[in-house]
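What follows is chain A paired twice: with chain B in the first complex and chain C in the second.
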Partner chain A sequence: MKIGVFVCHCGSNIEATVDTASVAGTARAFPDVAYATDVMYSCSEPGQDGIIQAVREKGLDGVVVASCSPRMHETTFRRAVERAGLNRYMLEMANIREHVSWIGKDREANTNKAAELVRLAVEKLRRNRALFPKSFDITRRVLVIGGGVAGIQAALDCADGGLDVVLVEKTSSIGGKMAKLDKTFPTVDCSSCILGPKMVDVAQHERIALHAYAEVEEIGGYVGNFEVKIRKKATFVDWSLCTGCGLCMEKCPSRKSHDAFNEGVGLTTAINIPFPQAIPKKALIDARFCRQFLKGKCGVCAKVCPSGAIRYEMEDEVITEKVGAIVTATGFDLFDHTKYGEYGGGRYPDVITSLQYERLLSASGPTGGHVKRPSDGREPRTVVFVQCVGSRDTSVDRPYCSGFCCMYTAKQAILTKDHIPESQSYVFYMDIRAPGKLYDEFTRRAMEEYGARYVRGRVAMIYPKGDRLLVRGADTLMGEQVEIEADLVVLAVGAEAAAGSPALAEKLRISYDKYGFFMESHPKLRPVETNTAGVYLAGACQGPKDIPSSVGQGSAAASKVLGLFSRQKLESDPQISQVNQRRCVGCGKCALTCPFGAVKMIDVRGEPKAEVIETVCQGCGICAVTCPQGAVQLEHFTDNQILAEVNALCQS
Partner chain B sequence: METIDMRKAYDPAFVAQVQAESGQNLSLCYQCGNCTAGCPYTFVYDIPVSQMMRLVQTGRREKALSARSLWLCASCESCTTRCPNEIDVARVMDVMRHMARREGYVSEPAVKTFWDCFLDSMRRHGRVFELGLVAAFVARTGRFWTDMDLGPRMLPKGKLSFLPHGIQGKDEVRKIFERFAARSGS
Partner chain C sequence: MSPFETLKEKIREALPGLDCVIGWRQGFDPLHATPFFMRAPEDVEKLVWSPLCVHNLSTYLPSFRGKKVGIVLKGCDSRGVIELLQEKLVERENLVLFGLPCSGVADLTKLGRAAGDLDRVSAVAWDEAGFTLATPRGEVRVARRDALADKCLSCQFPNALEADHLPGDPLPPATGPDLGDEELAALEAMAPADLMARWAAEMSRCIRCYACRNACPMCVCRDHCIAQSRDPHWLSQEDSPREKLMFQLIHTMHLAGRCVECGECQRACPVDIPILALRRKMNRVVRELFDYQAGLDSQAVPPLFTFQVEEANIKERKW
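Then we have the complex of A and B:
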């Protein structure tokens, strides 16, 4: 075998603390090494051409590149050796940047360590063999989880691109948080007016199958061929018959049900269509409040329904869908402000969240768009906004900035003045975060044109004084303690991961951070991909995000799915486990440990044997280390290859 | 108002000392002002507590240690409770109060005297002897009329005994004082 070694300077990243020329010199003495050199930038075009030229001219059979992490450039160099006519698995990388030059300053020690890593790579490469991927068919359908604005955008873009889309939404209508907003920043255009048409498009698109009031129960399979079980929760209304006329809501006698769409501001009926623009516009019975369920008698809705759609005996139904890719757009939840005892912990009716205030401002809200205090229905004159409630606060384990609260608070201050011209708004803020097109101008407008008084400081306590609220805070620019008697206090609650996010992430086999937000594949360069092939992210499930960013990610995820499906067939990674059935004793330990269910036990002439399902195997290697017989081997990382590296390290 | 030369005014030893003695990382403070907002004594302070924190961040030994606020702080720990970054602000104030005492920056001598009298009384009797404390305080400060109106109301309730109450373990309390004196070399 003839091996070529290329030791990269990476500019000064490696060369500053590693003598690359000396490493190349040392490498020439390693077994089978026919050629070794140092290169300024091996990933650059001339660098890659140099590798290709050397392979051709020296007749090399394998290449070692000693440079950065394979996470960075393995694909680059695999393509290069392939262009040179070799199999792409005849490449090994020695990571002498992250593992050597960046972490040590001693040039001599670094040079020695780099040479040792090259020796390991050479020893492994001597035992490499050509591997060939297999190709398999793709199910050209996509599952979108979550019907907020990010999920809607992803679903529409995929469907417009010619894909069949399965859209699963947890609540009874799509629209998400955006549907609850009155206006949007920085344009102050009506939220439901711009979202409504998109929601209608979803309903009418022939390629989109919408499952509202449904949740993903189980996900099996792999990129290109997922099998998803979806639980369609019982609505107690046959949606194929329900016309959304709303007669049941008019007659329902149980009028004290929790109004989730209106964030608990006001009450609603047990049978309910959440809002006029709901998609699908279908009624749903909340069994926690329905008299038929609680007392066993009522049946008013069943009597009045003109289409006879009520089904009290309905049960959950689990359906199975086959898809080739998944976009998760499960959004966010709001911080629970009752954790702040000093702001009343939820005891004061006139201390409300920003989203509750949004419902008070909205014409489709419980007050018809008239701002009234929840306690006595009076119109507030002095409104105090408190920012960073559950943001940038380590003491409640929310150290991150939620990003959009500064903007929606400015918007709400502007809308307050629009609704009640004689009102005065105060905004307690720490810093104004307005990095976006026309964003800072917008917050300035709240102050300059609408006269909102911004106070730089946090609020320490809120307590009742008569029928008003005393807000005690600080103005750190003046260095003084200040207080304001307010009629209404609006808490700008931050974003947190949607309830159940970790559980969903585990079903999808994707990572999540300590707050429950899903992890992207790369924070800058792969923002909507995950580390699980075929699973993509959109919107605030990845981290707090405003509407433009969520829509952008929805489109980005859709383009990733369309790109994936543009291929005729997908290639499987050949770095997977193989069972040597002559050595297998059929103990079944590999099948038990496999986290992907990729090992199945089969019967070979009356004896149990393990077999790997090639398309399901992710190449993690757990089965290989579990097998007591050494019968399972992970291709490209066989015991012989790894032991050769260990030997090289221990015997040098 | 004079212009502060940020480099010259920064006393790194002061910052390091406050951090070491308080065990608090002062760079965690992002000046939200919640300590000041919650502080019940801001009304008598010359420098609000959030700005005291800022003075430490900017290494202003002189200005921080001569602040009257240090001596008017009641150690109620509202600031510590409110701090979103979980800084023990009251501890920082306490550390600076000790530093001010050691380095002769006492800007409210009456408060310091009261505390000295309180501690003397503790050392002697194992617990505070109220009338003795008042007498010592008045003797050292000459502030005869301070809280004079409270005397007639406390007397009938038995709050101002004419003789000190002894406690069990008076020696142990004295030993605490001795141990502290030995360790701090004062």
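Then we have the complex of A and C:
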């Protein structure tokens, strides 16, 4: 074998603390190394051309590039090697930047370490072999999970791009949090006026199949060919017949049901359509409150429904859809403020959450858009907003900033003044975070034009005083205690991962952070991709995000899907496990441990043996370390390749 | 009829439908029993049951895979069968399990130490209190606790945990000292360098016979053992304590969450290297991390044969 070694300066990034010429010199003595040189920028065009030229002129069979982390440039150099006529797996990288030059200043020690890493790469490369991807067909349909604004955008963009879309929404209507908002910052335009038309587009788009009140139960398969089981929960109403006329809601005698859409401010009927603009506009029975279910008799809705749509005996239904890509847009949930005992722990009716306040402000809300105190229906004069409730607070394990609360609080202060001109708002804040376009101007307007009084500091305690609430906090700018008697307190509760996110992530085989938010593949360069091919993220499920960013990500995810599907066929990564069937004793341990279900047991002349399904295997290597026989080897990372590296390191 | 006689009767009844029944018979000298494969009802007369039936016969089962066989089991041996069942290396419907309550087996090394030379022991007898060896120097009496295998002194499972026939009254768990624990505690108290030196010294005696591996019921790689294959090249032929210890560590790793602590590895070692301590250490780790002991429940899934995103006792995110 003839190996070429290219040691990169990375400008001065590496060269400043590593003598690259000497590393190249040392490398010339390594086995099979036929050529070694140092290069200024190996990733640049002349750098890559140099590699290609050397391969051709010196007849190299493999290339070691000693430079940066393979994370960024492995694909770059693989392509270069391929252009030079070699198999792309005849490349090894030695990371002498992140692992050497950036972490040590001692030039001599760095130079030695760099040479050792090159030695490892050479030893590994000597055991590499050409690998070839397989190609397979794509199911050109996409599944969007979550029908908030991000999911709606992703679904519409995919459908407009000519793809069939399956949209699964957990609740009985799409719209997500945005459907509950009154107005939106920074332009204060009506939320349902801008979201409503998009929701209608979803309903009317011939390429979108909407499954509301449904959840993803199981996901099998792999990029290009996922098989998804969707549980359509029983609504007890035949939606093919329901016209959304709402007669049932008028007549239902159970009028004290929890109103989830209105965040529990106000009550609703056991059978209900959550809001007038709901898509689909279909009724649903909440069995926790329905008399027919609780007492076994009632049947009023069945009697009044003009289309005979009521089905008390309905059961969940599980359907299967085949798709080639998945966009998750499951959004966020709100921090549970009852964890703060000092704010009343949910005991005071006039201490409400910001989203409840949105419902009070909304013309379609339970109060018809009149701001009234939940306790006595009185119009508040003094409203106190408390920011960072469940954000940036390590004591409740929420160290992160929820991003949009500063902005929506300013919006709510402005709207309060609009609704009740003689009112006075106070905002307790930690810092104002308003970095978006027109955002800072917006918070200034709340203060300067709308007279909201901003107090920098935390609220220490809220407790009742007569029929009002006493809010005690610190004004850290003035260095004094403040006490405000308020009629209404609005808590700007932070964002949390949507309930059930970790479980969904596990079904999707994607990672999630400590808080349950889904992990993107790269925080800067691959923000809507995940590390599972064919699964993309959009909106607040990846982390708190306002509407413009959520919509942006919805479109970005759609463009990734369209890009993926624009290929004729997909190529599988050949860095996957393979079973040496002569070694396999058929114990099935690999099949048990594989997190992707990629190992199947087959019968070979009467003996059980393991087999890896090439397209399903993600190359994680778990089976390889499980098999005691060493019968499973992960291509490109075989035991022998890794042992060669260990030996090179330990015996040199 | 004694429980042993009852068992023999059951074996005779079952034999026509079986390929063979594995038990023990008298070996080449009074001190040795030897594994015995009964094929015909008349073979059953030669079956023995005594404190000299040391071997864990479950080791043989995987090689009979697909055939119907019976096997005689002590409590500890049954854990091997259970583990094999869990790992689908044997099929329950192909097995007939004949269990006997076991009050402990002899450790021949210990007896040898008492007798001076095992080869010259001409007869052996035992009772509740101990063993009597006839030697050229005269009779040697060895107290029970100085004669039994360490594992038997604190045995928690004297009755087969899974059996089709289990004649006789079940025995209670033993209450003797846990010598294995004491040995581990002593090892754990050593400084790493001393510990390494100790293992290097012990392993320098290893003759790489692989008797330890061959005796282990959970060593199921058959003729593909990584120790002898040079592809993948985990071990070289080099005759150094390092390579030998490496094999012990590979064995220990392969046995993680699978080792049933039958002690066969150490018993089989012709040069008495105390290698069981390594397995015990691993077992303890598995117990602490996964609250799991191998070979107790044939329906359980060994902790290392599942994939879990987050383990209850491994706080990866806190690392």
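We take it that the second predicted complex is superposed on the first by the 652 of 652 C-alpha atoms of A that agree within 3 Å, B and C clash if a C-alpha of one lies under 4 Å from a C-alpha of the other, contacts with A are read in each partner's own complex, and residues count from 1 in each chain.
Convention: a contact is a pair of C-beta atoms (placed from the backbone, for glycine too) under 8 Å apart; a residue touches a chain by one contact, two chains touch by 3 or more.
All of these numbers come straight from a predicted model, not from anything done at the bench.
Chain B and chain C, once both complexes are superposed via chain A, fit side by side. By the document's definition of touching, of the two partners only chain C reaches A:K514; chain B does not.
In the superposed model, A:M461 lies in contact with chain B only, and not with chain C.
In the superposition on chain A, A:Q553 makes contact with neither chain B nor chain C.
Of the two partner chains placed by superposition, A:Q387 touches none, neither chain B nor chain C. By the touch criterion defined above, A:T416 reaches neither chain B nor chain C.
In the superposition on chain A, A:P595 makes contact with chain C only, while chain B stays out of contact range.
After overlaying the two complexes on the shared chain, residue contacts for A:V585 are found with chain C alone; chain B is out of touch. Minimum Cα separation between chain B and chain C in the superposed model: 19 Å. Common to the chain B and chain C interfaces on chain A is no residue.
Residues 28, 30-39, 42-43, 47-48, 50-51, 78, 82-86 of chain B are the ones that touch chain A when the two sit in their complex. Those residues of chain A that touch chain C in the shared complex are 502, 506, 514, 582-583, 585-589, 592-595, 606, 608, 622, 626, 628-631, 633, 638-640, 643.
Across the complex, chain A is touched by residues 62, 66, 87-89, 220-222, 224, 226, 229, 231-234, 254, 301, 304-307, 309, 317 of chain C.
Across the complex, chain A meets chain B through its residues 342, 388, 392-396, 430, 456-461, 472-476, 479-482.
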